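In what comes next, chain A is part of two complexes: it sits with chain B in the first one and with chain C in the second one.
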Partner chain A sequence: MKIIDTCGAPPPADGRVEAREKVTGSGKYAAEYPVEEVCYGVFAVSTLAAGKLKSVKVEKAKEAEGVIEILTHLNKPVVSGFSDETKIRESRLGLAVFHTDRIFFKGQPIALVVARTLEEATYAASLVEGEYEAGPFELDFDKARRKATLASTGREKGSPEAWSQAAATVEAEYTIAAEIHNPMEMHATIAHWVAADRLKLYDKNQGVNNVQRTVGRVFEIPAENIEVFSEFVGGGFGSGLRVWSNTLAAAMAAKMVKRPVKLMLTRPQMFMLTGYRPASWQKVKLGADREGRFLGGWHQAMNGTSTYEDFNEWITGVTRLIYHIPNLKTEGALVPLNLSTPTWMRGPGDCTGDFAIESAIDELSYVLNMDPVALRLKNTAIDKHPNNGLPWSTNYMNECIETGARMIGWEKRPSKPLQLLEGDWATGYGMAVGAWNAGRGYASAGIVMQKDGSVSVRTAMTDIGTGTGTGMRNIAHEVTGIPKNRITIELGHSSLPAAPSQGGSTGLSSVSGAVVAVSNDLKTRLAEYAAGINPAFQGLKADEVQLTDKGIALKTNPGAVVSYHQIWEKNDLKSLELEASSGPGEERQKFAFCSTSAHFAKLRVNRRTGRVKVEKYVCVADGGKIINAQAAANQMSGAVTGGIGMALMEEMLIDARVGGLIANDLAGYHFAVNADTPVIEVAFINKPDVNINPSGAKGLGEVGIIGVAAAITNAIYNATGKRLRDLPVTPDKIIA
Partner chain B sequence: MTKHQYSRRFFLRSSVAFTALAALPAGVKAFYVDVENVVLPPKQTLPLKIKVNKREYEVLADSRTTLLDLLRENLGLTGSKKGCDHGQCGACTVHINGERVLSCLTLAAMVPGQEVTTIEGLAEGNELHPMQQAFIECDGFQCGYCTPGQIMAAVACVKEGRTGSVEEIKEFMSGNLCRCGAYNGIVQSIQKVAAQ
Partner chain C sequence: MRPFAFQKMNNAAEALKDKKAEAQFIAGGTNLVDLMKKHIAQPEALLDVSSALPKDIAVSGRGLLIGVMARNTDLTLNKDILARYPLVARAVLAGASPQIRNMASVGGNLLQRTRCPYFYDVSTPCNKRKPNSGCGALHGAERMSAIVGYNAQCVTVHPSDLCVALAALDAEVKIMTREKKEKSISFRDFHKLPEATPWKDNTLPENALITHVYIPENPFHQHFAYLKLRDRTSYAFALVSVAAALHLENGKITAARLASGGVAHKPWRWYEAEEFLKGKAPSAEVFAGAAERVVKGIKPLAGNAFKVPMLKGAVETALENCITQESYKQ
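Take a look at the complex of A and B:
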């Protein structure tokens, strides 16, 4: 096993492929492309939570200096994909911006002011007023959930009677406040119609091909007529997996004013216009025998959604993923509220469900008077997927747990609360685990080689900060032998080889297969050319040759080299372009795949002020082969940082009487700052999963956050004896 | 400071005026509009001479333009990032006369006569600033959007001598948010440069 300590490891001298652009500020994010004649759009939004928009008073705004046009539902150019209710439904976009007079939530765009400058547009937007017919609204999740009806979320296993006499049982309710992705770059679009049916979009998103398809469907133009640039993406965490109103409205406005329009959401608008993790309620009942073997479980869950679209987080899925629970019932329900539609946020569903399950197991460990590590090791389903019965291709959950316990110094954990006291401070240890079904999508990658032996490896996939590009370079280097400094990466552009959106921890898992395939194709193709010059290369397979900075060589005889120069001259080549695709196959019928993580926290709680100080945090993960150790560790510690925010501070604040959000900016919505986190220690199992894809890498993005919240609250219990089941655990809850 | 100085008291006074006016009955609205036009005058442009990264710019700036928007939208210097536009995230951090400042809370009209340095002005030609190099080597970022602000703040943090411990670095870098959570690498980068 390889332990990668992000602080002690010698940094690779080369860093990420895009590092220089990022540290010099030269990388262009969506709103930063220079576009001639660009003008600025700013949304005016609804001040009401529900009802009908009777009219929009734009007269005052129109008189403001610099205003070019004001787009509303009354004067918009009708977009064909939104022309009637059926088409709006089929668009699956939820909110048909400017194509409805219904108000679904406070903060819904009612007008887009387009002006010559940002200042002019911002000022004029403040002068727009909606006239409404107010309707009834509901934003109180806790109240509304009592009217929801639970329904089964999966096949029931066994029966409730079978464990009614369990030696130890726990039963409790858990809630989590809605959280907002809040990537540092606010969602932004520059829309530029270069012809009547050809659109250029500089857009912040996590999948350029998805944007192409979606916008193409709405405007009813071929997807390939839409060119999407997303070469630098300032974070996503799921918010970039859908196409939102900023992209559509910018395109509509640009069409109307016949000029490129730039629209960047404001930070307060980010709270309602790009999704969020919905508020949730859960109830978990768990029973075990005297030895700690799980006998039965009952997991109920509800999550908030909007009134115009259903979003199901599938919270109970994780209960069917980590442990063997012979008798298991899971149920779920949706709770419509007058908010915008939620969406996937890092570790969707599993992260939520895991908090309840991993808290319940911790509670059970105290009832059984058993170490929570031992209790978990007794029940982890490491032989097969507990839901579909397929054997795991690889599952190193137990190794993750054992390694993490060693790294945190678990033997120092007191077996009951309130043992480590020092003045007002109480110290405690907590742990939890996480898992994620490791997916893979169908992706393509291309290679373009020049006569000088330099190559460009390319895909349409975005890199939202996960290190996809660097991973691609590392794989191409490893497969071909071409030095890293001769490999450049192009990504995040719709004309490049197609790839799925970067989400659900499938990015590198999907594209790595295509990079391996195209790298091998390059070797075989060059061997064929080389054979025309040196017969020793006749009929060689990819793994029998090696590429260098100069040419192609035999693996068995590295002295036998045919130079790229020779190949290019002889075949009169300009450049060599190859493309390959790769996707999941029948291995998915034979095996189940998962990434796993174990989380350990040591923290101090001030029993007088309720302050929590995380002192040491260890995260051990299995993500198959680690392609890029430094970036992977960074991604994991970042996910833990997100989890610390989820556990202790992140909360969408709602005034249910007024019908809208309050404190919707970064002063009101707290996520973890530098001082809120310790230096987070990360380790990987780092063993390839040979079945998932040719690179052996499984995804990591989600599994790093799944389990963090429970590890923290379990540690708070170990420190103080307070079982806190409602996130975020703000100081008031601790001292209450 | 130049004569274009807007004090905190000015803002407090004007917001008190607005609050009071908002509470008035509809009949007094005409008066309200008059007052609004006095307090929030329509667009005014100002000719400004501004020095950014040792280069002089002559611009006609909207009196409402922040330094951040001037840099990003008028001067083509998009390295300084907009993450909140409210002084809450630090992504727009630049140096004014060598000190870290939030450019989104600085009006363009406040900077004539001052030395503004942005991330684009940190390197000497192709030679990266040691902090930029450290961020690459320690992987002090993921998506890179907060990075220019982090680096400008980090350079100032070292200059201010706030690098005595991991805790001190973390405290003095907490005005710069990173949603990717690349704090491990950020701290490590600063330690590295502070030790040089």
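Take a look at the complex of A and C:
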């Protein structure tokens, strides 16, 4: 990763707040908390895709060494929130684990073996067998989608057929294989009932308050009776935004055996039990006039879902976000399959839709014989949101494109394929853009100051590797002046000030407002105390004072300092605790908000062996103000790596004859590794969006992956003349 | 994992004496432990041979004798290998990861089981894992499967990279039988095709130990290449791989070796193409002719027909790399 600061300033060289814990291993991930008396739960899962679970043969497993209990749908203690069909539906959890005898997919838990050790539980679980009544099932997305009916996904603009009347048109279908989040840390839960109605959960997720609420609803106990720890999260990518069966089953089992139960999914189990990006099909029709102005478009999309729950990826949303298309129709449909329910995965929906749109625009550029950069600049909707018409608060899409073009050396791109040849290798350039509606949630943050001037800034929000904690420290430092090494961060615990889940690139946008607010509150409160010692502080506002490692000072006269020591002594303080909340307001009625990205790839394709080698990759993004350049660039390069995986290798493999997934482990499922990526060059526009929140930061997590896949396949076309519309583009498709 | 006993062996004799049918030798454990965790191998006892067997790499007679406990990484650092048998190092480096290569032994590499996803998934049929349960991969996910030498019993491929180089170099496998007899098996006879016994990967007698691998002297230290094509650039098994080695005198090819991984139940030699190359001056046309002979008559499965043109391209590229020594860039 190489950070190129478009404003010229070198990035600050301070590390992440949690670096030490992560590097030394002292940071505790969900499964790592020492809990006395803990025993181990391991799922046995269905080997059938659909039907009825008649019984579960547990006898052999029961006799295995160390087994304490085996939980099935037949002997489970009924959980009140799952006690009947209506309640199950109301739980909005989809799968009421162990509270149904219906099998919806291969890999669905049919038993939880609880034993003294992990090894014993694992072995015993291998001895459990289900007895089924097989039912019909569907696993072929391509076949099933032909039966689905498209319905409108947004207001139709003008005439849907206008595209076909244009001087230049494209019409093409695009498909993307389902993908698995595959975070490094497996989903795991330790459930510990400390009283009949009080539960402690050490859980891997992206939002402790969501876990509290959801589990509370299922077990019908008050949310505040549930304490959730998710202090370190080893990646999520969206897989931790829901509460899954591991959390619920651990809590059920712990209740049954009256001991804490630890349940960690295996990697193959994770492929079906924590969501995935569904398979998709799209058709894009697009027309432009001779100058390249879009006249009309029609975007149709379908995504897979389960048979027991609807998950809509809203693939066509991005078509109403980036460009002005005066005549536009968008449609979508869901395709139920005998798989588990998909979920949000990095850049959900937009990432999928963007591949089709940005590919189609590239195709159109060749029809028009026009530079794809120029074509985009002609159509980007930088004045207002093309769907709701609100003016953008800020939209630097064009700057992203122009900067990226400069950085990659776009002028060297040949206007036709097969121009840069060297032996079997063909070189090409490709680009695409991405955008993401920048959201903001209502979040709280707290600050606790000690007499020695050290502070702890805290929120319940989790940091899934995005750098939220580091961002919070930087904001607190910037607002108060307290040196960074005097600021510690506490995160991911449900008793801390409430915050939304870390998802949809809203984490920092949401919590930053609260951190600014509470930092200002701290300054005003200290100014009030200081006024009791030095009248010069009387009635001062937050921005008139500055905090140092020793005390509070006047901005106009930094020599006038009242020390924390004095304040604490005088007021007999133990510690100073403040909390503040902040959320979106009427700015949302006045403005639209988005983050944008421009992606540029230069790559080589071996026409004989099908190898693709990405030689140079540039990603320029607007995420508003960059609070921490390293963490932000890390988000981008990680997202680009994910996008390269999406483009070239990631694929959930299904074999309908065995009723489900095959090769569901890290040997069979490839995601990109370092050898697949060049040094990814990241640059930011780095201008604050003054309307979105007090920090000026918009989100970055999603927008980095949106556009990558099309940039890669567009470059492959520029190199070879092969238009590849079916992801992933594995070597066989190149030589086909 | 099923509970098991564990014993550390001091020498080969002790290991052979204690070896019962339910026990299994363990070396680096990088394959066997995974199989045990997945309940595919369920030995009652493990006999750790890692300090019982030789690990030295030494010039011997007219070749190189490699102790079976040499770690895969050792093969990439040994100066005799780098000077005289560099194809071996190249092949090893194309496989696994540094951590795994540090643990993996030469013996374990020869005896590693297939990576067919059906073999690894106990909820599916697999004749190799469970005799007579059927072949899951045939008509299933055939992408990684064989294109030569397969039958309806089993369509899987041998996953090793090292073994492709050893096959190309006509290595020999030195073993010690249960009765403490020392024997030598030529590499070409060591791994087998599925035949009627797909659950057997090789011809190593029951309860025998491998002690060494011998590589006879050869002239292939100047013109060699190992090309591995796969779904990602590192840490993935081969779709197809090619070990190529040429010896040139007066501008003519006097000896040629060509072998492939990812195509058959065993490392596969392309003898006809080797013969074709002999006596010819290297050129793009000659290499294309050799590649033609490699793929001639191959009947792939429905799901992996792409491997045929890919193999052809890989053979041409590997042969060209032998001349340009560009394989690092591939």
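The criterion applied here is as follows: the second predicted complex is superposed on the first by the 719 of 736 C-alpha atoms of A that agree within 3 Å, B and C clash if a C-alpha of one lies under 4 Å from a C-alpha of the other, contacts with A are read in each partner's own complex, and residues count from 1 in each chain.
Everything that follows uses one rule, which is that contacts are C-beta pairs under 8 Å (C-beta built on N, C-alpha and C of every residue); 3 or more make two chains touch, one makes a residue touch a chain.
Predicted model only: the values in this text are computed from it and were never measured.
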Touching partner for A:610 - first (chain B), second (chain C), both, neither: second
Partner chain(s) touched by A:673 [first = chain B, second = chain C, both, neither]: both
Which of chain B and chain C A:264 touches, first, second, both or neither: first
A:65 touches, of chain B and chain C: first, second, both or neither? both
Touching partner for A:662 - first (chain B), second (chain C), both, neither: second
Residue contacts on chain A - larger count, chain B or chain C: B
Contacts of A:47 with chain B and chain C, given as first, second, both or neither: second
Contacts of A:135 with chain B and chain C, given as first, second, both or neither: neither
Chain B versus chain C as contact partner of A:326, first or second or both or neither: neither
Chain B versus chain C as contact partner of A:20, first or second or both or neither: first
Overlap of chain C and chain B interfaces on chain A (superposed complexes): 65, 119, 123, 665, 667, 671-676
In the complex, chain A residues that touch chain B: 6-7, 11-13, 15-16, 18-29, 31-32, 34, 64-66, 117-120, 123, 181-186, 232-237, 264, 266-267, 464-467, 630-631, 633-635, 637-642, 665-667, 671-677, 679-680
Residues of chain C that touch chain A when the two form their complex: 1-3, 37, 39, 115, 117-118, 120-124, 136, 139-141, 143, 227, 229, 231-237, 239, 306-307, 309-310, 313-314, 316-317, 330
Of all residues in chain B, those that touch chain A in their complex: 42-43, 62, 64-65, 69, 72-73, 76-86, 88-89, 91, 118-120, 122-123, 128, 132-133, 135-139, 141-148, 151, 166-167, 169-171, 173-188
Residues of chain A defined as touching chain C within the complex: 47, 65, 106, 119, 122-123, 126, 268, 424, 606, 608-611, 613, 648-649, 653, 655, 657-658, 662-665, 667-668, 670-676, 730-732, 735-736
